[in-house]
Amino acid sequence: MPKYAVLIMLLMSSVLWAEELATASVSIARPDAIALVRAVETQYQGDCSHGKMRMLIKTRSWTRTLEIEMWSEGRDKLLTRILAPVKERGTCTLKVDNDIWNYIARIDRMIKIPSSLMGDSWMGSHLTNDDLVKENKIDQLYQLSIAEQNGDIATIVGIPFPDAAVVWGKIVYQIDTARLVPILIEYFDEEGEKVRSMVFSEVKQVGERLLPMLARIVPADKPEEYTEMLYQEIDFSVELPRDLFSIKSLRNR
Amino acid sequence: MDTVLTKELSRIYQNGAAEVKAVDSVDLTIESGEFAVLAGPSGSGKSTLLNLIGGLDRPTAGTVHLSGELLNEKTDDELTRARLFKIGFIFQAYNLIPVLTAYENVQFILQIQGIPDSQHADRIMPLLQELGLDGLEHRRPSELSGGQQQRVAVARAIVGRPSIILADEPTANLDSESAVNLLNMMHRLNLEQKVTFLFSSHDQRVIDIAQRIISLRDGKICDDIRKN
Amino acid sequence: MVIWRIAWRNLWRNRRRTQLTMGAMIFACAMLVFSLGYYDGFLWSLINNATEKENGHIFLARPGYYANPVLEDTVSENISAQLPTAVKEQVKGVCPRLQAYALLSCGTGQENRTQPSQIVGVDFQAELANSKLAGDIVAGSFLSGQQREILLGQGLARKIKAELGSEIIFFSNAADGSIASEILLVKGIFSSGDNLRDSALAFMNIVDAQQLLALEGRVHSHRLFLHNPMQAREVAEQINDHQKAIEATPWQTMFPQIADILQIWFAIQLFTVAIYYAAMALITFNTMYMAFLERMQEFAVMQAIGLTRRRLARLILLESLILATVSGLIGMMLGASLNIVLFYYPIDLSRWLESISWGGSSIQPVLFCVPSLLSNLLPLLAMILLGFAVAALPIWRLYRLKPVEALREV
């Protein structure tokens, strides 16, 4: 990714997704690891979306809930805006290509997040800035193979190609091949040490598609902490204004 | 009583393969109160004999008794103590301690003998007077003439009341007048205070003053004349 | 008595030689005292440079905070109630600090530059009274307690293109997880000599920081400054025995390199003494030994007229000890005076030399000495030992001397 664009994934579903699904469905009898992962990783591609989610962040010393509104266009454009708590209302994050801008409503100022800070936490959650940015050409960076097929559950292991510039040393997917939804993704470092895991649940029908509504990220070194993202509204059939994903629009939101 | 008694006293130097018998089986007796001279040509063994008697050198053979004590058996430190209490030395080159005044040079002996300070002046001042050194007691050796220095040396030798004064060519560095002068003073001390003197010389005028002339040749006594 | 008199007068016998010998010994001793004082001063400034800007002599925080600083691990800003009375007497001053990680940003639009930085909230009055922080200001001025002031490290200011008076955007997460944001104004720019540190460090008023980070009344650490920094370890132990809720870390733990140096310091001092000692011994030994050899005949005469070798040896020893002790005392006084002068009026050489950072501290180009009893007494002791050494050889010769032979050389 290397890192998986969870936020966006939760907004997903698209025509293309449908196409990918169709492709995957064809080979269900003899599941293809690449097709499966690509289906999960690129389900939002070329799509416009608008949605609302509740983010629950729990750390050692505090717990808080953010209400976030978000818009996306393809994999390159993303805008989030905090609706609650009131104190932070209006604070936005804009991602265009590889740049991330934060607009801080309280002081009416904007800062650009430099590339050196991509590993930093996004708004205090267990997501990183990088999770918003990276394009997910998993199948081009990782050698994927089905390690295990247990009923409808396929375990797919991704090992980076020798010359690939990647963050993870290993990614393990668990995918429900019947419904074509992710169940679990685990991220490992170069030493094979687990860094974090992402668990999906509450699969619901959105339009024509099945989507997990809840994702929970748990850092491996602090198992008592987590960030939960619960999707509340999602709409894939929206028309977005042309200049939505621009710096100027941040202040006006 | 005999002050000095030597028996078969020999001192042989080893000069490479050659042996030099500097003192050769000397039997010599010096009695208390004597004023004796060791005469003889250069190399006859005068200095060597005096050093043996004074416990500065050790004999190759024979014995030396000093006031009845056998020196041969003494350790170096015992010999030093014997020299301090029993012998007064007068050297050819005076050999006063350069950093001490005339008075202090004399006092030095009393101090190392452990005589209480209170007695020092009483013992030193008459002696310096006797030797014609009054007024010079605070001078350093470098501020005194050779004759004056040697008289201080005489005072230093006598002040500790030794049994015998040994003087190796005490006048050799003096002009003849000072030499005779010094000898006369020594002789007077010998007569008045009964101090025993044994000195060496090859100056005939000095030898003539002595009461006993012991002649040495090649380390042996060849003549021993007592005047009356 | 007479031995003393002879010994004393002999020193004045060859006045020029004695003066030269003493001169060399005085110089060597003074240099020795001075250099030991200088080493102490060097060490002292090393400790102070390491501690006075940053952690103080003792770092007080919640247990574990020193090793692993976490935003939430705070202690009360009121510390004096928690210190044992015996410790309070040793404390010269306390600097409370709040420390956080934040993004600092400057400029608008595409000109915006953002850098992650260490933000330290300080009590400006306590810092002025105890630490050397204010001395690092190279532009503008130190914090004055006004609202929204910030001081930037020189490297940090350069990276985000900030100048005096620039608006700085502070962006971070507060201790309650909320977003902490504020606009601050650059009050001053500092340079500590440690470029790495200065490129990611900023100071602000602790009250502002507490508010921003939702930590009112809380601080992360208290840095204690002691009257005697060498006592830090003992004082820290006292605190740790008394208070389990806070952890005291002495500078020796924070700067192990400096503590290590201190450990071998005595050895280094001894080594220095040995080198000086050897050099000076060579110089003085020669002259004094020659002087004694010239007088061998004099010694022979004294021995002939009844002075035992033991007493003669005492004479020789006395002479060389008088010379060594007198020289040592004069040299010690000269060296000590130099140390005292340089203690109160250090000479700044920064015009010619650069400072060096090392082991968490920095070495300033300052000629600074700390006078101490050890650095004064050690050289004196060395001198006295030299006195013994110089006397040893003539005495050994004396014991082998046959007076007859020495006398014959007349």
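Residue numbering begins at 1 within each chain, and the chains themselves are lettered A, B and C in the order written.
Just so we're on the same page, contacts are C-beta pairs under 8 Å (C-beta built on N, C-alpha and C of every residue); 3 or more make two chains touch, one makes a residue touch a chain.
Please read all numbers here as calculations on a predicted model, not as lab measurements.
With centres computed as the average of Cα coordinates, no chain lies farther from chain C than B.
Taking the mean of all protein C-alpha atoms as the reference point, the chain centroid lying nearest to it belongs to C.
Centre-to-centre spacing of chain B and chain C amounts to 68 Å, using the average Cα coordinate of each chain. Taking the mean of the C-alpha atoms as each chain's centre, chain A and chain C sit 56 Å apart.
Averaging Cα coordinates per chain places chain A and chain B 121 Å apart. Of all residues in chain C, none touches 2 or more other chains. Touching chain C in their complex are the following residues of chain B: 51, 54, 56-57, 76-77, 80-81, 83-85, 89, 91-93, 95, 97-100, 104, 107-109, 111-113, 156-157, 160.
Remark: chain C residues 72, 103, 105, 108-109, 112-116, 169, 171, 173, 175-179, 181-183 touch chain A in the complex. Interface residues of chain C, counted against chain B in their complex, comprise 1-2, 5-6, 9-10, 13, 297-298, 301-311, 402-404, 407, 410.
Put simply, chain A touches chain C in their complex at residues 57, 59-64, 85, 87-88, 91, 102, 104, 106-107, 109-114, 116-117, 120-121, 123-124, 247.
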